[in-house]
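Listed after this line are the structures, all set down as structure tokens.
What follows is a pair of complexes built around chain A, which joins chain B in one and chain C in the other.
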Partner chain A sequence: MFNLSLHEWKGIGPKHFVGLANFQELMHDNVWWDSMGHAGYITLIALTLQNALAFALALACDREIRMKRFYRVIFFIPPVLSEVVVGILWNWILDAGMQNGVHIGLLNHLLYTSGLPQLVHNWLGDPKTALTCIAIVHSWKGFGWGFIMLLAGLQTIDRQLYEAAKVDGAGTWKTFTNVTIPMMLPVILVVVILTILGSMQVFVLILSMVSKGLVFHTEVPVTRILSSMSGTNQFGYACAQAVIFGIILVCVSFAVKKLSDKAKQA
Partner chain B sequence: MRALVTGLCCLALVFGAGCSKAQKPSHKILVWHWMTDRHETFLKLAEEYKKQTGIEVTVELFAPSDAYSQKIIAAAQANVLPDVYGILDKKSIFADFIKAGLVADLSAAFAADNGAWERSLFEKALAVDRFDYNNIYGIKPGIYGVPIDVTNMQMLYNKKLLAKAGIQNPPKTYDEFIKAVEALKRIGIAPFVSGWGELWLADCFASNYAFNIMGEDKVMATFRGQVPYTDPDWIRVLDIFRDLRDKGAFLDGIVTKGNKYAEQDFALERAAFSFNGSWGVNVYHDMNPNLEYGVMPPPPISNAFHLKIWGGAGSSFVVNAASANKDKAIAFLQWLTAVGQQVVLAKETKNLPANREASSSISPVLEEFAKGMEQSTHPTVWPINEDPLVIEAFDKGIQAIVIGEKTPAQVAADVQKVKVRQTAKGKR
Partner chain C sequence: MRINPYKVADFTKSTFIHIFLMSVTLTCLFPLFWMVRSAFMSQETIFTDKALIPAHLYFNNFAIAWTKGNFGVYFFNSVFYTFCVVAGIVLVASLAAYAFSRLDFPGKNVIFYFFVAAMMIPLPGSFVPLFVLMNKLGLINTRFGYILCMINVGLSMSILLLKTFFDKMPHDLEDAARIDGCSKLGIWWYVALPLARPAIAVIVIFNSLNVWNEYILATLLLGDTRLMPLQRGLMVFQGANSVDYPVLMAGLTMAAVPIIMVYLAMQKHIVKGLSSGAVVG
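After this line comes the complex of A and B, so read on.
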């Protein structure tokens, strides 16, 4: 791939060696760096909203609650659905159109019928909300993975530790911060790294929700790479994008690992 | 030692994966296509062909078309292209396939029997697969593909919804169209939908009006870099989108709609007008068989030049020049485009046939589409094509206008910046 990134190539026919020109061009490609920012935003939402939800639900299911097996299955349904199916489903939920005076989209319909017509919105057609909607749907689709891993991690914690904490007079919060979190750090690290890698590379969901995108507001690195390849036939440039993107992902993963190691030592 | 063996195995796998199978002539033809709606009919026709000739045709579907295009490029790299396939890309890429020896020159087959095969097909359909003398791609003049149907892009109107708004006849001019938009808005019907999330449909719509406002010569001069996109005529083209937005012509969410969603909206009578291709006839029939609609060209905004619509070969197949079954593949395509098979394809898939004689078998709506073929044009037959990055800037600019983010003048300036950059890059 690195070799191809040093060439100008249309995907077929001869390749022309251009040295580092593709990388130079990439450094000045604002759309590319904006797309990186968009992926970062989606990742941030996933790291917070998605993982907080996953952790909260894992904690709930780790306790002796009724129908916990049922919940486990329910929470794991979104991750096993295809991203295209999820995109189509949410497209219908977020549809901004109307027919015979009735909102077609489920969300707008619910907002309207529940007396909140001022909140009815063109969710995917407005740059202010489109990316957030995608990030939320991505988090909804992905929280089940974190839930399963965190739940598995919680179940490996020795129950005697909780009993010892109770005997020492620790309350729920103290037990959570001093027992649960430290014991869960390795699992949390894996979940965080997988969330970062999965969220930075999201693209099928975007294609199925907003097709080729809303101007450049919903572009992420992978859609830009795709666009360079199949949209504008710049395979060499696409490879340069992929190389830079890969390096960034590896660096981020190492940084998270280092941070986690420091947290463990602390 | 273990590491060495593992390493060697990995190397063998890596290099082995890139090796193509040596091809031997056989009684089998492999066809790769992307047309989901025609797959069943292709399978039936393949079965019929086997009965008639004893040659087995394996038809494999790879959809959607974007994924198909990538598969073809990957297969070309690995030298594992099938006997018959399609190239869904720009003419320059088609030319690169020919230069790479991956597409057979079919001129001799078309010219045989005093050009009987060539005469049987619509010229507009063949034009897409033809390379003329002095073509800019440096390809030997000839015909390199076989059109299996023709298509064009027009506007469709819902008869029932128009009647509800008191509109008796479909609009013939842009002003009449705006009046229809206002009438529809008054009774709460969304006037217009199209799959502009896919960009190329918006590009096509703009291109229709560019031809209408400034004529083909000026459009081509722009592509050559002789006319800037900041020219008042181009700003007028972009201003149509601003005007339609201001008049409330668009169904909410049009800019992010894929064409399948837009087709669904029109089929389910959520919008009165749509901009789509003739393939939509089949799609609408499947979604809502009772839909009453008609076809009209986009209403012209100017009398200066004729409005041109995009049209030509809808789907074309090429023959792999490296195939050991090249002659059998050509014979199969001749059979597929013969009148009998074209009637079957037209009836079952509701597409305009490429064969002239088969066109008598089409439905009234398709006939309306067929009338538009005379005023059709297509980027693949233009003497020059715009740089893809300029097209992207233009199409994204249209989206920016539709959502009210930029003015036509701002978009024109942005596009011109990209044009200047790409022109400079090309000169380097």
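After this line comes the complex of A and C, so read on.
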């Protein structure tokens, strides 16, 4: 693959060796770096919103509470659905169109009827909100994974540690920061890395939510790779993009790992 | 009667927790309910009637989706692909994992680490080489090509899982079988496979979910609507100029319901598999 990235190639016919020209072009490709920023934005929201929610839910479920099993089953339903199903479904809910004076999308309809017509909005069509909507739907689909993993981690913590903290006079917050967090660090690390890798690579969701023609403000690296491959047949350029993208992903994972090792020592 | 302040505090706390959990449950389930609800409406009423339970229920959306929407074909394709890929993965992965675990051959560790390393490469990174390779092999737009690729996607994870399982398995049973004159393949079939049933269950479940929900490779490799699985078919249907929303929702329901059923039936295994992965990892 790296070999291909050094060539200019239309998929058929001879390859021309162009050295690092593909990479040079990539460095100056603003659309590409914008798409990287978009993926970073989605990842940021997934990391904070989705994982905070997952952690809060896991903490809430990590006790003697009725219907614990029920919640655990329900929270994992969105993750087993496919991205296409989730995307089309939310597209239907967020749809901005009007038909016979009634809003097609459920969200806009609810906003309108509940007396907030000023909030009615073209959620997926507006560059300002489209990406956030996608990130939120992505989090909706993804928090179940984090929840299950974090809950499993929480349940491996020895109860005696909590008892000991209580005896030592630690309050809820102190117990949380001094017992729960350090014990959970390895699991949190796994969840964080999986979230980053998963969110950087979302694109089926985007394709199915913003179906009517891809627009620049919701492009992510993977859609760029696909479009330079099937859209314009620049196979070499697509390979260069894939190489850079892969390197960035691996670097980010290692950086997170290094950070957590440092946190462990401290 | 005196009110116990501790009990009151406890009660309010658990009420708040339940409210919190319930609201999240609602956000999980409501979109799905809305999808099913919309599937039972007609093209005229779907835009005007916003009641939770519509006044008139139309049941023929599913029939329309099945025949006119081509979803019958997509559905059978999905079932076919899922079955073939999972069978292929179980066969190849169990053989390979058994070999990695029990046999000695030169370069064993190197080959094994190659498999594990393959897991690290994100799928989008391998689009281009995969497409070029399949094109050269003439497997673009064939069921066989798609199945091969999908087997490949699930293989490394499954081998890793089964190898760790086989490594922990005691040798005694296999020794006994060998003394009774069993060949290596015989031991694999009569001893190792039956013992590995729990691990194989996890592999079957996860790969079934994965294949059923797969979209990327189907887009890349399959251009012919007669070969497409459900997920790809949904996108084709949505991409059409005037979208028939009730029928689209019926199609969505058809794609979502089987997977939810399988999940509900198997959720114990799924949660266990995930949890062990998280704690070990």
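Assume the second predicted complex is superposed on the first by the 263 of 266 C-alpha atoms of A that agree within 3 Å, B and C clash if a C-alpha of one lies under 4 Å from a C-alpha of the other, contacts with A are read in each partner's own complex, and residues count from 1 in each chain.
Quick note on the criterion: a residue touches a chain if its C-beta (ideal position, glycine included) is under 8 Å from a C-beta of that chain, and two chains touch if they have at least 3 such contacts.
Keep in mind that this is a model prediction, so the values were computed, not measured.
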{"item": "Fit or clash - chain C, chain B, common chain A", "value": "clash"}
{"item": "Partner chain(s) touched by A:Ile65 [first = chain B, second = chain C, both, neither]", "value": "second"}
{"item": "Partner chain in contact with A:Ile104 - chain B first, chain C second, else both or neither", "value": "both"}
{"item": "Chain A residues touched - chain C or chain B, whichever exceeds", "value": "C"}
{"item": "Contacts of A:Met149 with chain B and chain C, given as first, second, both or neither", "value": "second"}
{"item": "Touching partner for A:Asp126 - first (chain B), second (chain C), both, neither", "value": "first"}
{"item": "A:Met229 touches, of chain B and chain C: first, second, both or neither?", "value": "both"}
{"item": "Partner chain(s) touched by A:Val210 [first = chain B, second = chain C, both, neither]", "value": "first"}
{"item": "Touched partner set for A:Ile93, first chain B, second chain C, both or neither", "value": "second"}
{"item": "Location of chain B clashes with chain C - one stretch out of 258-266, 312-320, 366-374 or 420-428", "value": "258-266"}
{"item": "Overlapping contact positions on chain A, where the chain C interface meets the chain B interface", "value": "11, 91, 99-100, 104, 208, 211, 229"}
{"item": "In the complex, chain C residues that touch chain A", "value": "14, 17-18, 20-21, 24-25, 27-29, 31-32, 34-35, 38, 47-48, 50, 120-129, 131-132, 135, 209, 212-216, 231, 234-235, 238-239, 245, 248-249, 252, 255-256, 259-260, 263-264, 267, 270-271, 274-279, 281"}
{"item": "In the complex with chain A, residue positions of chain B that touch it", "value": "66, 69-70, 73, 76-77, 89-90, 92-93, 96-97, 99-100, 102, 188, 190, 195, 197-199, 251-258, 261, 265, 268-270, 388-389, 392, 396, 399-400, 403, 405"}
{"item": "Complex interface listing, chain A residues touching chain B", "value": "10-13, 91, 95-101, 104, 122, 124-127, 130, 208-216, 218, 227, 229-234"}
{"item": "Sites on chain A touched by chain C in the complex", "value": "1, 4, 11, 53, 56-57, 60-61, 65-67, 71-78, 80-85, 88-93, 99-100, 102, 104, 106, 109, 113, 140, 145, 148-153, 156, 186-187, 190-191, 197, 201, 203-204, 207-208, 211, 221-222, 225-226, 229, 235, 238-239, 242-243, 245-246, 249-250"}
